[in-house]
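One chain, chain A, appears in both complexes that follow, with chain B as partner in the first and chain C in the second.
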Partner chain A sequence: MRNLVVRRAIQMLLIMLTVSLLLFAIFDSDQFREKAAVAELGGFGIATLSADDYHEWLQKKGLNEPFLARYAQWLKAVAHGDLGRSVEKDVAVATLLKESLANTAILAFFVLLGLIPIALTLGVLAGMNEGSRLDRVISVAAVITTSIPQIATAVLLTVILALGLGWVPAKSAMTDGWSFRPLVLPLLTLLLYDIGYLVRMTRAAMTEVMASQYIRTAVLKGLPPWRVIMKHALRNALVVPVTLIFLELNGLLSQVVVVEVFFQYAGFGRMLFDAANFGDIQVLQAATLVAIAVAVVSQLLSDAAYTFLNPRVRFK
Partner chain B sequence: MKAGIALLLALIWLPLAGYVMFRPALGALAPYLLLPSIPAVILLYGIAVRSWRESRVAVFGVTLVCFWLLMAVTAPYLPLLDPNKPIAPFVAPGGIKHGVLFLLGSDMRGRDVLSRTLWGCQRVLVWGITATSVAYVVGAGFGLIAGYLGGWWDEFVSFAGNVLLSFPVMLLFILVLNLLGQSGFNIIIAVTCSSAPVIMRIVRGLALDARSRDYILAAQTRGEHPLWIMWVELLPNVRGPLIIDACLRLGYTTVAITTLTFLGLGLQPPDPDWGLMIKEAATAALLWKYSYMLIVPAVSVSSLILGFNLIADGTREMSLRD
Partner chain C sequence: MSVAPLLECKNLSISYAGRAGDVPAVVGFNLTLKPGEAHGLVGESGCGKSSIALAVMRYLGRAGRVVAGQILFRGRDVLAMNDAEMRRVRGGAIAMIYQEPMASLNPSMTIGEQLIEVPRYHEGVGHRDAALRARAMLDRVQMADATRIMHSYPHQISGGQQQRIVIAMALLSNPQLLLLDEPTTALDVTVEAGIVDLIRRISAEFGTSMLYISHNLGLVRETCDRITVMYCGEAVESGPIADVFRGARHPYTRGLFASNPSPAADKNSRPLRSIPGQLPSPRARPPGCLFGPRCEFFAVDRCDAQPVPIAPIAGSGDHSSRCLRVDEIAWDAAPAAISSRAAAVFGEVALQVNALTKRFGSVSANDGLSFEARRGETVAIVGESGCGKSTFAKILMGLLQANSGSVQLAGLELSRLPVTRRNPQTIRALQMIFQNPFDTLNPSHSIGSQIARVIRKLGVQRDAAKVREQVLELLDLVKLPRDFAARRPRQLSGGQKQRVGVARAFAGRPDVVVADEPLSALDVSVQAAVSELLIDIQRRERTTLLFISHDLSVVRYLADRVVVMYLGQIMEQGSTEQVFAPPYHPYTEALLAAVPIADQHYTKRKVLLSGEIPSASNPPVGCRFCTRCAYRIPGTCDRLAPPLQQVAPDHQIACHLPREQLAAMRPVFEEVTP
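And then the complex of A and B:
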């Protein structure tokens, strides 16, 4: 088992290196450079940037040096924790990153807190009695919530809970201090989709296990039903859903962009989006690195969990 | 039968794609272009209902998708108001102003919401279907190469796929669309970058499994060219799981396009589009009184995606039953 994880870790390291080279090349392209130049020199748009100004800016920034030399330099700076400075907000990128990541972590914490118990319970209940009325209700609800794109869920929830009933504020900017109420809408938006998705996966795994021979044996042996479920079925049925929960961390990073932009929540996704639009390359670069690191680590964790939970892989 | 369905799909997709992507270049031909697609959609609906009749879920999905397809091809011929012309702003649904009836109300610039919603499905359907097809061709091609040829080909293709998969999807979209510029064609590239690696993995797995089967060995012994074996022997035999995945993926692509337009990264105004309608209403008219402007496009896009997902569910159910 340790071998497998170590091999995956080496693979991941290789991927990270390739990705960082790719990212450096992307941000080194004229499109992003011009955007950054405009942002820094304070012009009105790329159209108003004169060629002389641009070349002077390139010279000043030392961007005319060979590509690989600058890549090595950049890699060294990143390895030392120096992520640069935001042009738009004039603070160190590390500070900006810390604040927005903390905000998104709060959101992610509550999402997982709701997602894991609700989705696993509903999925197991539906998969236990395939074809029963409860199964039908849960399955239909899950298909519907996974079919509504998050942007539409956000809209519908805002209309009902904020504009109609007035229970929670419509925007989550939280300009005067932290509170839980503005968090409700983004949370529900993320939860509705994720619960539906995880319920479907759990249900599929559970029905497959329930149809297997060893469960039939356990039932025919005369074991009480709760014992069959708890001791025999669950252990195998939950392998896939548990690994999916780790992968969900990766999915959340994509989902928070839409949700945070819609509700104006000052989190990681919104920072990433703003930086891309403004041409704040240092921020965008750092945020991308963090996002990919999270994605890679979540994949590694998911692999490790799968190996740990599934004895068939462990003893191979 | 198969050729007939392919012909029908071509009859719907080609005029629709031409109409949406190159309307200015078509000139006087444009108003007549979509006429042959209308009977084609109806015929396709009939065939689809017949072949999925065992699954009620799938028939419901087919109905939803075909409804929007029909709206996309008939929009120019329906008695609708001009979707881009400001008439009277903030008219409530069912209200009459300046002698014009607004069934679903008008938006903050005075454009008819019903007409914008029906016209809006054209862009989503055309770009969504095109982007998914391109992703499929690229993904299935590389998947066949990796799975059938194996060895270094497999290592290289799989590694490239893993690199692309390590990007969170939304981040990939933001990077690609900022790098290449914001247009429908670049959405196709962005969707291909995010979807093709997943399709590649599925096809690779299926091809690895099929490679050791007797019919492949027979073809190899006959001395067939590897490309011919992949195309004629392998691909038709891994079709089943791919159809289900394609339906799901059409749904994902629709979500992606709507979301990107909402974020201002995808298709550009002023043509009607569901993501754009949500974006405009969410910034200019976020009040209970005007919530119809948000609800109508949100429900429309959800119903289209629900349709794709139900077809996938129904197909999977039927394949398990056999």
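And then the complex of A and C:
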């Protein structure tokens, strides 16, 4: 177990290094540098930036150094938490990132808080009695919620809950300070899809387990039904869903781009979207780095959970 | 007065709901099981024998249903019990032992937890006491090292140990009835012998009644008091073991016996006779006698007129048969003579294996294998799981590369030549028949196109018309109708699929065919037909056949020469007659003694074999068999590698025992003088 974690942590570091090198190389290309120069020298720069001015700018920024030297420098700065400055907002990228990540983390926390108990319970209930009425209701509902794109769900929910019934605000910008009510719509949008997905996975795992021979053994041992489910089935059925929940962390990071932009929630997705629109290169660079770090860490957690839950892997 | 029966099935009928309506699995089944009695339920796959056991436990799944009849346990109708009563019966008064012990144990619970549950939930025993009882039960099923086992997970112990756990679990509640569903089918033969011995001892010691479900006639003969033979969901014959095995009174039972190879009899004295035709589909049951279309005694307008009831045979006690003509058939007459095959003539050496060694890390899967196979010869490689026979086949086929030694096919070195680098000529010369005909045919291509593809790929024929012609000829060769070319694999039965497998292997007229357990997935009556076919084609084409098998009965029937392997080494090799008669290698002797025999004409000597097959990653020093050998010479066998003794021309035994002792061994099987 510990071996696995150490091995995966080393792998993770290597992946991050490779990715950072790639990222640096991409954003270090002439196109992007020129774009950065234009942005920094101001709107007029587009017309007036001459080759000489550009070179002078490069000189001033220390961008004429050899590639690897600059990469090393950049890496050192990143390691010290210096991710550069946002041209658009004129703040340190680190500050910007911290705030937006914190907001997204709040959203993600509530998503998981709703997702895990609801999806696992529904999935287990559906899978316990394959083909029963309850199973059919849950399965059909799950298929429906996963079939609607999130952007459509967002529109529908806004129309019904905010514009129609007026229960919650339509936008989540929270200009007057933090409150929970504006969070409801983005939360529901994310939850509807994710619950549907996780329910389907949990149900599939549960039906497979319920059809297995060791469940037959447990039933024919004369155990009460709750004992068969709680002790014999769940442990085996939850292996896959639990690993999926960790991978969901990574999935959420992509989903929030749509949801946060739509509801104007000041999170990571919104920041990424704005930066991409504006061409705020250092923000993009830092955000990509964070996204990849989340992906790699969630993989690691997911593998660790799988190993922990599965004695056949744990004790070779 | 007779004793009250423990279990009674009265006119039991079970159906499974299918898309096109109900499919009957069991029809009008009757059974009376007395306390302490062991009843064998025998039949081929799909005959409904497992459904009966599951119906007794009321566990037929969502689709299955008892449509008629009663199941009485101690006089109470199982089908009328409420859930709480049923729970007390399940795992309490009636316990079940399953075919696949690995799949039947929960992979994520320790064995201790799974055992302790039984007394906890059936008798409300506290955790500590339950644990003590579980440990005591492990001792009774002869599990050494109970403490470690209690804390292990199922995947950490061997298949034989897993089955002992399942048995211990069943016995913990002191059941009155044990349902055994093919309890040893997934196990090696020496392990099977140990489990069967245990089951027999338990039934004697605990006085437990048993319903023993098996396809293996020999096993039932060795463990049961009574037998019921099933065909297509109906009992066709029922009676005391001795009566049925001595004088079968239904053509199907007779057919089963005749198609069941015996390790005791050599092939010339008792040729196999397969049952013609195949099982009718449950949806298209023939009118009248279900066995009618396959029966040699079929009488038109009588046997197919109306359903045949099962009836007691006059003057026989309680032996009954579902045959209208039971009083007309001359049961004791010898079956029509089968033209015997001329002995095969072997040609030059086709395949030469020399000191072949293959290691996987510390595991030596093949350790210095040396033998040869001649043209037209059938060489069987026999051994239990983990003996390295499949590794050898993979090296031969080019899927693995050997570490050292050589394999030569007509002078060409193959031991380190992967199949991707072999030329089409070599691939054509060396073909394979696989174990599982169900998985080795592509479900989305027709039979014809799959055979045609082989013909084209092996460069035998390219012209489309000629390829088609050849496909039809191959279908003729394996005795399948020509219109099968257009069929898909799912439209074929298991035996028919394996015939396609044979056709595919012989499509390129190979020099050597490797058959890896080609019969083990098939039912007995089909096995006989496929093995006959295999011999016929092989004789005609003068192909060298390497027959890899764990089934000594089939090997005795099919092989000219036998190579016995154990933990990666060859223990004994010689002609079939030599290997199946003394002098034996002690392992060969134990293997032979472990095979259950159905043939009443032979008795079997008991050979004790201790322990289980050691792990291949840490094989015993000296003779690899020494840890289990009854003849072990301490200080010699566990230190020195055994010498290869040439006990007769062409007959080698790797053993430390002095030649006189080997020569003095008695035969394992002896014919009973009537």
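Throughout what follows, the second predicted complex is superposed on the first by the 300 of 316 C-alpha atoms of A that agree within 3 Å, B and C clash if a C-alpha of one lies under 4 Å from a C-alpha of the other, contacts with A are read in each partner's own complex, and residues count from 1 in each chain.
The rule is simple: contacts are C-beta pairs under 8 Å (C-beta built on N, C-alpha and C of every residue); 3 or more make two chains touch, one makes a residue touch a chain.
Quantities reported herein were computed from a predicted structural model and do not represent experimental measurements.
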Chain B versus chain C as contact partner of A:R235, first or second or both or neither: second
Partner chain(s) touched by A:N310 [first = chain B, second = chain C, both, neither]: second
First, second, both or neither for A:I292, with chain B first and chain C second: first
Which partner, chain B or chain C, touches more chain A residues: B
Partner chain(s) touched by A:L220 [first = chain B, second = chain C, both, neither]: second
Touching partner for A:T18 - first (chain B), second (chain C), both, neither: first
First, second, both or neither for A:S212, with chain B first and chain C second: second
Set intersection of chain A contacts, chain C complex versus chain B complex: none
Chain A residues touching chain B - in the complex, by the definition given at the top: 11, 14-16, 18-19, 22, 26, 29, 31-32, 35, 143-144, 146-152, 155-156, 158-159, 163-164, 170, 250-251, 253-255, 257-258, 261-262, 269, 272-273, 276-277, 288, 291-292, 294-296, 299
Chain C to chain A touching residues, read off their complex: 57, 59, 62, 87-92, 95-96, 98, 100, 103-109, 117-118, 121-122, 153, 155-156, 166, 169, 173
Touch list for chain A against partner chain C, complex: 130-131, 212-214, 216-224, 227, 231-232, 235-236, 309-312, 315
In the complex with chain A, residue positions of chain B that touch it: 159, 162-163, 166-171, 174-175, 178-181, 251, 254-255, 258-259, 262-264, 275, 278, 282, 286-288, 291, 294-295, 297-299, 301-302, 305-306, 309-310, 313
